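Which chain is which? They are A, B, C, D, E and F, in the order written, and residues in each are numbered from 1.
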């Protein structure tokens, strides 16, 4: 993820808002983006590398999960049974300390009907730098907490295969990827 | 003349500005200005008496007849000589009287400033010019009475004097302006040449007289003058006996020959003058403070002068002018003598004074001479003048008013003789009962002798009383020339020291005898009595307190300090105004309006209205805020239906932002509302609300139903694409046609933002300080941004 | 072509509206707030995506399309954050369901000094 | 020359933006403020001379035809008010910078102050009703910020009253403007007179009253004045000085503008009654108070009555008198508050029961108070006398006896309350308990900048009195401009 | 298409009605927040349906902005809940 | 302006007035919000009736664009003012823990003094003078 990714992305958004690619829009967009980037220059995610294939796969898996869990929830609403209504909070420790990854994972969880990230706790940094966070997930229709944990960890692996934090770029990643 | 006045001003300012540094030289330096005036006047005298009146005019705002117009006529010459002459003397006397003090610069400045203003009055020809200088003398008098401002009584007296003369001044102003209107004239000489008449003029004259009465301490406005004795004695001598109190007389003298025959003039003059003459005389009999006794005497004498100068007959006017001069001489002399006594003995109380004849012989002689002049005993000038006055009044040419005046003056003169003797004896006699143990009679042996220069001034004045009396013939002829400027018929008048035995002389003799008898018989009772505060002062104080109290009560009613009350007033006014417009026929313009534009609009209107009503019922802040937001969203739909998508977007945006801000703040506040205020019943609020709502919607319907011309919007639509190059007309208007509005709008937003940050920071600062004070110093709470930043790291 | 597009659009519209309705019903049928978050906000979000997708199909111009696309993207980005925020706020404010959770890992780490709040979770340490 | 008009608004607002940008550096903020404020003064004076020579200047913003553009219109009336106002604004700015505690004050003072200047200029120049509203808003919001600058308890409490009532004022104003547009289809003040004249009487009356209520509230006219004496005293001294001198007068300006330009043929008996009540209620309130700032604040109300009286009397002469009155009143009122500020800074209070003997402590300061105080009470030879006489003379000319009687009685009561301040605070012995009380000239030397500014403003009031003739004649021309809708229309729409 | 839109309209209307009742009935803020979120989603749905039906792009920007604002609103309410309790 | 629009204006203005006449600043602000909405609607409807949005290229009769531009300005200004008022409410809360608008202190003191008879602030120096 180069230094220019965010600005370029923002510029595209700007143009989309205006719905027209004209000189005025581009110039004003660059100006606005420059100002925004300056104002929020401290709020930059760390460096990450994007893998296109991984990204596509992540999206596909995600959409699929979305559809199935939506159906699940529809079912819950139309025919609620005590099992379907059982809920609980499950803590899942992630494997990567990158906040961006944690954010994406927890967003994906929250977007999926049936699961919702309630809280994310970051352990105090260890000697080798930051430690991976723990997500606490509220689950509707919970029957096996371990299954949820596995599920989330699989999701994280998918995310990591799409967006790899720089400097933490390691061989272990493909392994986990294989597990999905 | 203008340069002379400016010279006074410059000297005054210089003295004032010098501050402490000027204490040594200020008084003699200040005397330069009146001295120069005196010299100039003497030089002009011959020309002026030949009928040549130098004038001097400065246009100020001629558009409403405001010019500084000065004119030196005979009367002005006489008064100018008195003002500047006595001015010089008083300033010289003051150098002795005050000795070394820090604040003499201030005193000298104000005195010389006063002298300038007084000269302005006596020389004024322009009507408003008169008023300008008139008020200037009030101001300087105020500051001079309050010269000893550490004394509460002095401050009160200064206030009283200023307010009474100020009120009179306003009457005078109104009178003068009305005269400029009815007489179509801006100067006194123009008025005299072509006098107006009629009710309006009479009203103006009455107002003018009211002004003159206050300034010259006439009943019922006399009470400020004794109070003004709180001023240092030289000031009293100058302002409150010799000059300023004569300002009212000057005005009356200038107007009387022209207007005395009009309406109620003479009766007013005689009424006020005689009342003052008698009342002042009676009260002078009851004072133990020699200066106060003299002050009451002044009231009395001023009443006498008022009658003489105000009657408007040539004989009375002539006698009045002579009396004016006499009074200036003897009264100033008496005051200055009392000043010396006060300075040397430390008291002015006649119960404590004794042995002054031996201790202060020159003073004693001066007092005797001046008192003789005051009591009209030959061969003083006082006698000569009063003889002329009685003579003139006996020649009654104005009917009943004249008779009343004569009788009153006779009685008043008896009193004058009596109190004059009483004062003279009180000051110079050896019989001093003392007041009480602490205030025993003084010990004459311990007195040190005043410097010759100190007593020279009163002595000089006293001597001139006699000299003028002895030289009655030439002085009388000179005065006759002087007085022609007021009344041409006085040219032939003359004064005589010994006119032969005539009615007037007999009357005089009777008066003197009666006066002596009165003094003798009242002596036991007046020896120790001390008058209480006068009734008039009581009434004034009660009025003043009443005014203050009334003001306070009124203000409590009008200024309740309650925001809901103020709002209620404003909103009621609004409803009333719109209601008035509706009653005045605005409803005629409602021309068969549609009920609804479309079904969607109907739904949106109902929802919006329902939510708005629901806000009223909300019991918690959160619900109320959200309902308001809902109402706003509903309104956005109404906008949409009206054909305003951009507006709807903005409405959504702003409404949400408002709710967001609301919730941010509400998070801090208690969640439930407190009960409604007790100031007004709910029904009042509902009534106002209904009135505002109903009148607004009706008037809105009427106003929009009375469109007469097409909207300017059509031009914008036409110009939008070809000229401004934009298709969305609303946007084009915002950024181009009416971009200036948007500029202002951005300003508002930016400043509001700055204000919000400012307040929030103020709150933060205070909380931090509280924490530190409580010993619970903690880091300032994180902001949302801080947190987000933290989240990303 | 346009017929196909119309059919797809109609299906999307119906799906979206149906999801919205089901979500609304869900509000009544779920026992506690957290469950309601699951059944209400999320299907409603999907519903928006569906209907906006239909609108996208029907309006081919570039300008509105870009806006609508952006709107969909925005939904994907904001909806989870919003529901997370609401859930977390409810939890940290002390809201608990009437029927206790079968598993509550969060309760076990309360007060654990080894953790500091992340993602804005500073409500406890203030 | 008309190119200068937008600058009057633009320069201070640009300055405000820059001032916000350099919020961390007070010296730079000061330089910006002084430069902007000074250039507004310069431009105003240049305009004054130019307009007097060449007649009304018009600038159509954006270069659109004047019929549809927002116009800035500078006739003699507007430029006169602009000049005197900008002078006061500059003076108070410098005064504020001379305050020793300024460093504790909010850094938003300068931006807000500059925005206020911009708003004031905009309001004076606006030739479009809605634009007038916008600039009114700008100056109001700036005034809100200035009033609550320190965010103290007092300021918040009285600020609430001020803000809420002024928000209502804005609503009434914009309602009036909107309905005028509804009825006429235009907002251009050059076009409006003829269109308004065609409307039915009831509608005209309603529209007129709406504007009157809005501007009357701003001008603190009976019965809409109550907010003023409660809110102004709480503001920091320089702020209350500029509010007192200026803001209400903008309301009066707008009343004159709308009354003479938009509704010239209204029956103004009601307004005359209101003028009388305003005078009385203000001065009665002043008498009742025992705090300098509050006395002075009530006097603002009372004095507004005189101006409204002039407006109500109507006609060129009365308007001339009113304009002259305004010209005199702005510096007089400002200087009174400035003196009060020095007293307060020196003694720490403005309560008459706690201050005394200031005249002994500083004679020059006493003079600086006495001159405007007597001027306010209408005593000659100060400017107030001229203003009062002008108004009263016109009242007598028109045979409105009772209002003249009221006006004169009120000026006596004004004197009473001025004497209350003078005898209370300036006379008497200085408080012996106050050990570090400076004596003699030390007071002024200690507050050198503040005193210099106050002195300058007082000198200005004296100069107004001295050169009253030429100023009055200018006012006469200004009134002729203001009372002639046709000339206004011709100048804007050639 | 008209029929589809009618059906959609009825469903959305019913959903809106139910949600409003929920908002009014609910006893804690979090529930209200959920309801308000829903309501805005329903408004967005309605707008999208109307765009799809009329093929008029006028409201496209509205969808975008309301979407954004809904988020802003939720976040604010969440913060409110956090400070004040549910 | 249709009748129902006028009614809505009146209703919102009335409701706003009612709320503004309270002592709680929050209520007052809510009232001002409603009043602001009423006024904005009034501005918008002060043009001609409803019509097509005034965008060049669209079919049909346009509505008057000017009121729309005015309302846009007015809405934003209103927002600024309301935000400022809310900041004041917040500041008021940090001072005394609520947002009730108290009566002016000096006015209350004056009322107290006027209630007492024979107070100290009478004419300076009765004893002065003769």
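The criterion applied here is as follows: contacts are C-beta pairs under 8 Å (C-beta built on N, C-alpha and C of every residue); 3 or more make two chains touch, one makes a residue touch a chain.
Since the model is a prediction, treat every value here as computed from it, not as a measurement.
Visitor: For the interfaces C-E and B-D, which has the higher count of C-beta pairs in contact?
Guide: More C-beta contacts join the chains of B-D.
Visitor: If I average the CA coordinates per chain, which chain comes out farthest from subunit F?
Guide: Here the answer is chain A, farthest from subunit F.
Visitor: Among the chains here, which has the CA centroid at the largest distance from subunit B's centroid?
Guide: A
Visitor: If you average the Cα atoms of each chain, whose average lands nearest the overall Cα average?
Guide: It is chain D that sits nearest the middle.
Visitor: Averaging only over C-alpha atoms, locate the centres of subunit A and subunit B and give their separation in whole Å.
Guide: The answer is 81 Å.
Visitor: Can you work out the whole-Å distance between the CA centroids of subunit D and subunit F?
Guide: 23
Visitor: Approximately how many whole Å separate the CA-defined centres of subunit B and subunit E?
Guide: 70
Visitor: Scan subunit C for residues touching two or more other chains and write them down.
Guide: 23, 25, 37, 45, 63-64, 67, 70, 79, 81, 83, 87-88, 92, 118-119
Visitor: Can you tell me which residues of subunit D touch two or more of the remaining chains?
Guide: Answer for subunit D, listing residues that touch two or more other chains: 130, 134, 137, 141, 144-145, 148, 151, 160-161, 164, 168, 175, 179, 181-182, 187, 230, 288-289, 423.
Visitor: I need the residues of subunit F touching at least two other chains; which ones are they?
Guide: 1, 20, 28, 42, 45-47, 53, 66-67, 70, 73, 77, 80-81, 84, 88, 91, 95, 101, 104-107, 110, 114, 121, 124 - these are the residues of subunit F that touch more than one other chain.
Visitor: Applying the document's contact rule, which stretches of subunit A touch subunit C when the two form their complex?
Guide: 13, 15-20, 66, 70, 73-74, 76-78, 80, 85-91, 99, 102-103, 106-124, 133-134, 136, 138, 140, 142, 145
Visitor: What does subunit F use to touch subunit B in their complex?
Guide: 1-15, 17-24, 26-30, 33-34, 37-38, 40-42, 44-57, 62-73, 75-84, 86-91, 93-95, 98-101, 103-108, 110-111, 113-114, 121-130
Visitor: Can you list the residues on subunit E that touch subunit C in the complex?
Guide: 1, 4-5, 7-8, 11-12, 14-16, 18-19, 22, 28, 30-31, 33-35, 37-38, 41-42, 44-45, 48-49, 51-53, 55-57, 60-61, 63-64, 67-68, 70-71, 74-75, 77-79, 81-82, 84-86
Visitor: Considering only the defined contacts, which subunit C positions touch subunit A in the complex?
Guide: Those in contact with subunit A are residues 19, 22-23, 25-26, 29-32, 34-35, 37-39, 42-43, 45-46, 62-67, 69-70, 76-77, 79-81, 83-84, 87-88, 91-92, 97, 101-109, 114-119, 121.
Visitor: Along subunit C, where are the residues that touch subunit E in the complex?
Guide: 6, 9-10, 13-14, 16-18, 20-21, 23-25, 27-28, 33, 36-37, 40-41, 44-45, 47-48, 51-52, 54-55, 57-59, 61, 63-64, 67-68, 70-71, 74-75, 78-79, 81-83, 85-90, 92-95, 123
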